[in-house]
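This is the structure I want to talk about, given as structure tokens.
Chain nomenclature is as follows: A, B, C, D, E and F, assigned in order of appearance, with residue numbering initiated at 1 for each chain independently.
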Amino acid sequence: MRTAPVTTAYGHLTWEDVRDADKDRVVILNVSATEDHGPHMPLDTDTVLGMAVAEGVAKAAPEEVFVMPPVPYGFNEHHKDFPGVIWIQPETLIAFVTDITKSLAHHGFRRILLLNSHGSNHPVLDLAARKTVIETGIICVSASYWNLMSARINEIRKSEIGGIAHAGEFEAAMYMHLHPERVVLEKSTTQNLHNADSKFFNLDLAGAGGGSDAYALVVRGIPGRHHGRPDRGQSRDRQKVFRRGH
Amino acid sequence: MRTAPVTTAYGHLTWEDVRDADKDRVVILNVSATEDHGPHMPLDTDTVLGMAVAEGVAKAAPEEVFVMPPVPYGFNEHHKDFPGVIWIQPETLIAFVTDITKSLAHHGFRRILLLNSHGSNHPVLDLAARKTVIETGIICVSASYWNLMSARINEIRKSEIGGIAHAGEFEAAMYMHLHPERVVLEKSTTQNLHNADSKFFNLDLAGAGGGSDAYALVVRGIPGRHHGRPDRGQSRDRQKVFRRGH
Amino acid sequence: MRTAPVTTAYGHLTWEDVRDADKDRVVILNVSATEDHGPHMPLDTDTVLGMAVAEGVAKAAPEEVFVMPPVPYGFNEHHKDFPGVIWIQPETLIAFVTDITKSLAHHGFRRILLLNSHGSNHPVLDLAARKTVIETGIICVSASYWNLMSARINEIRKSEIGGIAHAGEFEAAMYMHLHPERVVLEKSTTQNLHNADSKFFNLDLAGAGGGSDAYALVVRGIPGRHHGRPDRGQSRDRQKVFRRGH
Amino acid sequence: MRTAPVTTAYGHLTWEDVRDADKDRVVILNVSATEDHGPHMPLDTDTVLGMAVAEGVAKAAPEEVFVMPPVPYGFNEHHKDFPGVIWIQPETLIAFVTDITKSLAHHGFRRILLLNSHGSNHPVLDLAARKTVIETGIICVSASYWNLMSARINEIRKSEIGGIAHAGEFEAAMYMHLHPERVVLEKSTTQNLHNADSKFFNLDLAGAGGGSDAYALVVRGIPGRHHGRPDRGQSRDRQKVFRRGH
Amino acid sequence: MRTAPVTTAYGHLTWEDVRDADKDRVVILNVSATEDHGPHMPLDTDTVLGMAVAEGVAKAAPEEVFVMPPVPYGFNEHHKDFPGVIWIQPETLIAFVTDITKSLAHHGFRRILLLNSHGSNHPVLDLAARKTVIETGIICVSASYWNLMSARINEIRKSEIGGIAHAGEFEAAMYMHLHPERVVLEKSTTQNLHNADSKFFNLDLAGAGGGSDAYALVVRGIPGRHHGRPDRGQSRDRQKVFRRGH
Amino acid sequence: MRTAPVTTAYGHLTWEDVRDADKDRVVILNVSATEDHGPHMPLDTDTVLGMAVAEGVAKAAPEEVFVMPPVPYGFNEHHKDFPGVIWIQPETLIAFVTDITKSLAHHGFRRILLLNSHGSNHPVLDLAARKTVIETGIICVSASYWNLMSARINEIRKSEIGGIAHAGEFEAAMYMHLHPERVVLEKSTTQNLHNADSKFFNLDLAGAGGGSDAYALVVRGIPGRHHGRPDRGQSRDRQKVFRRGH
């Protein structure tokens, strides 16, 4: 028998709950990807980490947010040489996400956070957020979760610049904290693509500046399968990042 | 530490697992909706039930299937007067699902089941399946899960024809079996829209024939919010349907 | 000199006739296909049969319907290995049909029947009908004509289940009734793809249940060119189906 | 019983007939419109006249052409204030026609004529023809039928410049020749929008030059409903144009 | 320091200038192409000539027009075998131009001229103009500049019919008048594709009639690279056309 | 008479020049916007500045680059309340730019720089670059020119953080350096929207980090019309930025 607790899980609400909800709550929609994360981490890494951040926020501010069911597929065609990768055309993903945000605006919600947990979704969600603002007048922002916590990451990181990247120290640490049984760390190897001499090219998620524009250019050609130092994610310190959520 | 069990959860695989997987496994993709289900059931009803069926199949045949992360949003704009409903344009949903199936075909999978758990998704997934077949040559079929088990449903049903419909006996029984704490059955009321005199109009999910074409015409105008007899879903018999899965 | 008879042919109306017409009439739009129908029947079979049904209805109820000029091309790319087949992309066909229905709604018509006479158009027209309802608020339904008369068909059929299918007994009988000079029955052969042991697969147009989802999977691979028993369509009984129209 | 005559009607062919056909035949596809043609002529005027021209050509050169089932809906949203007008979005019409031409190219046909019988379809069919050429490499041209016979029209015309326009002398004469019972000439009035002083604006179908670009600008604002002098179309001379077909 | 002169260059206006501008001015948007023009003329020929005409008009009527920044890319995929050609899909170009015209309508402008300077843009701009009229209600016309001045061209032409075509006498004369240093006339050769015996095929820009429909069919297959007699463009007479602008 | 100089202006090349060109040259395509830039600067500011940077690069490295004709319209619908703004739908702009880059790849060019000079074009060009890489395999990157020179800007800036923004010190200085007669500096006022207390919101073009995601949210609601301190752009120091190009 349903005991009607206040919940932050949008999917657990009834339509009457939504009718009566505070429309100033921030509705968080995680958009991730189903994609290779080295030989040591599962295809759902981005979804698991993105939803963990979203639910961490919800736990910290249960009166202020709702968390939507996630969109677990993203824009990553440049990864398609890795078995298992599912890629959505960017125009389709923009339309899909914008249908969700416009539905929310239709019901009166005024504040949406598109919480990105996959690098190349960034321009897709930026456009989806802008289109939502233009077409509905509500507030909608997109952000990659690591950008919201880069200061904290850098406080406790163990690897050099370049070690916090795709399937590297940071992502491995988060996933192991959540589901250690799904990470096979001994399969990981170190691969640092960061070039300290480049002013433009930067693959460290917590490093200064963007560099993401150039990213698509290299990933298809490289022999390795993950970037960074997942081995640095083994220590107990990995809990430090996660506990603070964002 | 990951213990590398064989799993049917596609998201838990690594890219190497997919590389080495049997490509004749049936890959099941549930497409559902986030939508009102009466005052007594949550917005995620279709996703929860559809994934329960998919995972039930996986449990029964762990060597033969993979279950994809779900697409929890569907084609249901005619429900938009109910707070909380998220609707995707049908062309966008066709494109989104087809991007997923074409990715799977790219990786060598040959058999896909689009497992529908929301009524009006049916033509969308039918087209997505046909487009997949045409464009990739692999086998892809769509099916609404209740059509795969209607004989079993009718064996154990308690309500008259019309009682097994949107948020009615059947869906309520399944959700209560899975998560009783999320269903508030005392909020439900009986509403039977079935017209036994009509040769063409049939709203019982387990009844003979289709009738879905006419469905969109009436749902926006009716004062009630669910169709069928959710109160008949209370008995222990609800487990009977579910155990057989499909 | 035009004698201004009341007509059910929409194309024969002037704009003043439409202005003054009863907008509660059901406007029937046949959507068919230009497609192989065995060695014994012409490419226009679906258009000829669909329009015959539409015009039969109009004759029976001249005050209640209008019949639109037909859309003689459909969604059948899976037939493209047969010379002569013209296929329209499903998104284009949805848009084309919806432009027609929205024009009719613009002029005040309130009831539209999308009368399908080609199997795989079904999901396309279902979506077109739903989009029309959602976007205009008028009533629009789609139906394949054989589904509207399956009881009558089964009363007088001569072939076993599976004999009433693509270019089989039923279609051959109808076309011969209308234009015997265009059917070369001696070129036909019997081919029954129906599998009585399958719970899911059913190719008889007048049989119970749908089965159309699986249809696209097989048609490209089979050596034969039509399904069913066209030879059973020779008797005078073929008139029985047709006279009752629907 | 089908007597297998050689026919120019594409729809009457079987798939084996197409397989064996001379692929150098010109395949003629008439694209018209369903649209107001004054109070004296039916909505199907453009289809009836366009198909009459196509079939006239086929009769004159039975070994050299095939005539496709027509596309009876066109690009004419600027007419939508007249009851009965059905308008297709231009992008949709381009896609629909191009799907037809690409299907024909797939089957080996090398020469297609898009025979236009509705003024504002002209740029749509021009683009469809160009896209067909670019994408398939076959020959595809578009032409409005009156442009192919303007010299002949001017030889026998009775009205001044401006009298041969939408629903005017020429179209009325042709329709009356074909189906006199559907034209109510006494309802027609004279309305000549031609401006002899303009270097750029020319509404006579058989006049020199184009002028069609400016056409869309005026039609919605004018009080009248047809352009030209339909009364001049009454004489027996109307047969002169038609007999020569093109 | 800006001296705030009245200017006809739209790009030089501030937003306050637009706010205060006379909205009955004709806003001219040149759409051209970046395309081969023989071995003797640059890829930007169409843009340079089109903008020269637009600016000539602006100089002659400074109170009546604004000239927009040009769209220097057009619809010319059939030229793609020539190195350097940039081609835009026609649907994309229609959408791009229509976004511009709808923006202008949003700001209150009521009269737009789409000034074409590349042959095959003609149907694209025709549709863009018609869509603008239909969707905004303002006046929008498209015209290829040579059609607006064909009488004047024929007064002073030196080459026979067929000599005034792509990269021929006329275009060479105009470009040399404007930027003689960018034309290498001695590289040009004469190539006249005009067929005086054809009633339908006409490649002279200043000749009577259209013929453009058939144009796309031949350009890919011909060995030469320009049509007409650029050598006839050498004389001082070339200034005569240009001075009169239109 | 053309003297055939080596030129970096792509538009001044003939098709033979492109045929013979070094395909490793970086082809620079500036995409800007036509948009309000305060009461003191023209609508073409982004195009003038972007092309000045591109041409500065070409001057510095004449053997290594080509500069394309610019795309002077961008993605800025959120500015549409300012008279004169022309906005392109983002999907259309992605398609338009990608048609250009794919044409270049077709001709063998291997390195393209999409040089952005309008803030909100950033995600559009990022996606266009990624699509180009995915579909053609060549190298294509996008960059906003100010990001390529932020270190240099900060060396010589005079205004505080927030002073270098839309139509502020930096853009005013550059435009005045190029065309002083088109800037009316005395019309400018200071408006600094930068919030030093925010970790996420940053409107200084040369400041650390992005912040652009949140930008669209505020611009429509603010009373002012430019951001930053254009008055600080008056000094001779403005030449310092420009001379170094990037």
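By our rule, a residue touches a chain if its C-beta (ideal position, glycine included) is under 8 Å from a C-beta of that chain, and two chains touch if they have at least 3 such contacts.
Computed from a predicted model, the values in this text were never measured in an experiment.
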item: Intersection of contact partners for subunit C and subunit E; value: D
item: Inter-chain centre distance, subunit B versus subunit E - centres from mean C-alpha coordinates, in Å; value: 56
item: Centroid spacing, where centroids are CA-atom means, of subunit A and subunit E in whole angstrom; value: 49
item: For subunit A paired with subunit B, centre-to-centre distance based on mean C-alpha positions, whole Å; value: 27
item: Residues within subunit E bordering two or more other chains; value: none
item: Contact graph of the chains (line, ring, star, complete, other); value: ring
item: Chains in cyclic order, anchored at subunit E, direction fixed by subunit F; value: E, F, A, B, C, D
item: Residues of subunit A touching subunit F in the complex; value: 75, 77-78, 90-91, 94, 120, 122-124, 126-127, 129-131, 133-134, 139-143, 147-148, 200, 208-210, 212-214, 216-217
item: Complex interface listing, subunit C residues touching subunit D; value: 1-4, 9-19, 34, 36-44, 47, 68-73, 80, 82-89, 92-93, 95-96, 99-100, 103-104, 106-108, 180-186, 225
